[in-house]
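Below are two complexes that have chain A in common, paired first with chain B and then with chain C.
Right, the complex of A and B next:
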């Protein structure tokens, strides 16, 4: 089943930043409840935008969300100290967002992840920058899986983010990532493919139709998770429908449930 | 008589063949290369920039227009007379240390080049001291700092501080940009300007040069 990581609790969003600054717990609780009701499987929590306040903001957010969370949290920070604190206070096995092959980040994250029971998002980014070809994405993904396996993180707990890039600047950026996802899944059938999708439509008008179409294509290639806004009803409907078409919805149960609930419309 | 308007329109229509044809036709009529560049092409790219800013043109179209512009500049540059410069100013642009994003920065560089500026695009993950060194080497009048991450925004301030310490602050105008960057942040760290997109960045650079 496709797993949705709800992206809304992020202090780079203005309303969330204001709620965090004012310690407005009601706003945060209401937003998380809405994401869960809409079908989020994880709630991403990012407290990075108020520079100098990340540690305290993250602690407050988790303590605020924890009592009403029915799904695990996705702890989103580059700082192992923030992640360590957050890891200690979450109730369910969390997802960690994220490790990459950038030396500084990699060297900081490996000791943190070593010996922990968690899922982890692994970005195909290294010190040379964004990947420039399909092969480049695959090579980075292989390296990430190997390195994480070395510290006993099982392949089934790894969520590879192939780093979707704007098609507006290069018409081949869509097929580049689709080819890479197929190749990664051919090599590691247990690994998950996740990440943000909206970069694909950067610089073009009517972005949501691009994002929705692209998620269906990515799912056909092997993507089985994404970091998105679960309150975007149209993309959620596309995901549920594509998941059914790919054989992941027994007797079309979740699709029909979605239709009856009024969240899937043609 | 050269039809500068037709050149401008062909650029806006992203029609490379047409604009090259018009430039060659103008040259056979002995229209000065310098006039073709400024009155036809740069004027056209200014409009492209404005249309991008207002959401009437999009990145792929701007890339096509810039490519058409580039082909024409290649034809015109060797024909410029002594003392005539294709450059209306020198810009140094890079992504700050710790940040590897380059798409937005490269678009800004391209728009500024198309607007007639000499652009030194020095890449990503550039430490403050490297910016300082390259300002000295290039005699840049404008320095553009890019950051796409909230975690690398503080590096913009450090870079500006390094430029101040090196004694070069009065010699350059500093512009900042990138998705999380705002006008308020730009003011706070002592930059001279902020632009939300490549079209307005190019326009801002021009106004800072004057």
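Right, the complex of A and C next:
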């Protein structure tokens, strides 16, 4: 079953930033409840936007969300100290967002991550920047799995983010990542593929139809998780429908439930 | 570029049957123009529903459509005599819909098809009925290519129809056909994959979202043509978007044209 990581609790979003600054717990609780009701399997929590406040903002957010969270959190920070604090106060084993192959960032994460039995989003980013080809993405994914295995992270807990790039800059950027995902899944059947998708449509009009069509193509290639807005009903309907078409919905049960709930419409 | 075969001129549709019975040329011309404007690459013409009238109805339809047709026709009949007549009066080399591995049907088509330089839809149907597995579809496709090559039909003119079956009867029916399409394209890069898609959603509610999500998945697997209603704006928008995402739309040109024309909406 495809796993949705709800992206809304992020202080780079204006309304969330205001709610965090004002310690408006009701706003945050309401938003998380909506994401859970819409089918989020994880709630991403990113407090990075208010410079100098990340540690306290993250602690407040987690303490605010925790009592009503029915799903695990996805702790979204590049700072191991923030992650360590957050890891101690969450009730359910969280997902960590994220690690990359950038040496300084990776090394800094080792003491925190080493041997932890938690899921990790691993970006195909290294010190030379974004990947430039399908092979490049695959090589970085292999390296991420190897390096994470070395610090005792199980392959089944690794969520590779192939780093989707805008198709407006190069019409082969979609194929580049789709081919890479297929190759990564062929090599590591246990690894997960996740990440954001909306970069694919950057610079183009009517972005949402691009994003939701792309998620279906990525699912066909082997993506089994994504960081999205669960309140975007159309992308959620596409995900439920594609999951059924890809054989992951016995007796079409979740699809039919979605239709009955009025969230899947022709 | 994905090729759309417009399915609307079919006497099994009530309004078309009435127009044909009344020799209402305006209705037919208007419908064909709309399909062409919406982006159909072929216009399917099926006159099979009025028993005993197919030959005359097909002749009238072609003579009616011909003057305004800007794209080739897809002659949709199992009767070689009807096809031979139609083939003689069309202006552009048509597509033939269809041949299958059913022995009587195949043998009857040989004299007509042998050596013709025209596109042919070839159904993965044989005397034992519908295919029952991915391998079964692939085997039938291989046999179709072999048998059609023997009567001098080029592989690049063959449009394999893998025969989509309802996912409501078996949740693996989608994967079955997707895997088969990938395997067929791996074996014959020149062959085309086409056919109807709407059987996938038979028996389920909100069928159109299933059909248009499935076309994107099928395109990712290698389908490059389908028999659909070009006036279904949402499936056409999905096809244009998926074609772009799969690297077949330089500089996103056709996508942007669709947005400007108001036919692609988020």
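Rule of thumb we're sticking to: the second predicted complex is superposed on the first by the 266 of 266 C-alpha atoms of A that agree within 3 Å, B and C clash if a C-alpha of one lies under 4 Å from a C-alpha of the other, contacts with A are read in each partner's own complex, and residues count from 1 in each chain.
By definition in this document, a contact is a pair of C-beta atoms (placed from the backbone, for glycine too) under 8 Å apart; a residue touches a chain by one contact, two chains touch by 3 or more.
Source: prediction; values computed, not measured.
In the superposed model, A:130 makes contact with chain B only, not with chain C. Legend: residue contacts after superposition of the two complexes on their common chain; A:78 is shown touching chain B, with no touch to chain C.
Of the two partner chains placed around the shared chain by superposition, chain C is the only one that A:259 touches, whereas chain B remains out of contact. Comparing chain B with chain C, more residues of chain A are touched by C.
In the superposition on chain A, no contact is made by A:151 with either chain B or chain C. Look at A:246: by the touch rule set out above, it reaches chain C but stays clear of chain B.
When the shared chain is aligned, chain B comes close enough to touch A:166, but chain C does not.
In the superposed model, A:48 makes contact with chain B only, not with chain C.
With both structures placed on the common chain, the touch criterion links A:231 to neither chain B nor chain C.
When both complexes are overlaid on chain A, the residue A:205 reaches chain B and chain C alike.
168, 171, 204-205 are the residues of chain A that lie in the contact sets of both chain B and chain C, per the superposition on chain A. Across the complex, chain B is touched by residues 12, 48-49, 51, 78, 102, 104, 125, 127-130, 165-166, 168-169, 171, 202-205 of chain A.
Of all the residues in chain B, the ones that touch chain A in their complex are 55, 58-60, 63, 98, 100-103, 106-107, 124-125, 150-151, 153-154, 180.
Considering their complex, residues 167-168, 171-172, 174-175, 178, 200, 204-210, 213-214, 216-217, 219-221, 234, 237-238, 241-242, 244-247, 249-252, 255-256, 259, 264-266 of chain C touch chain A.
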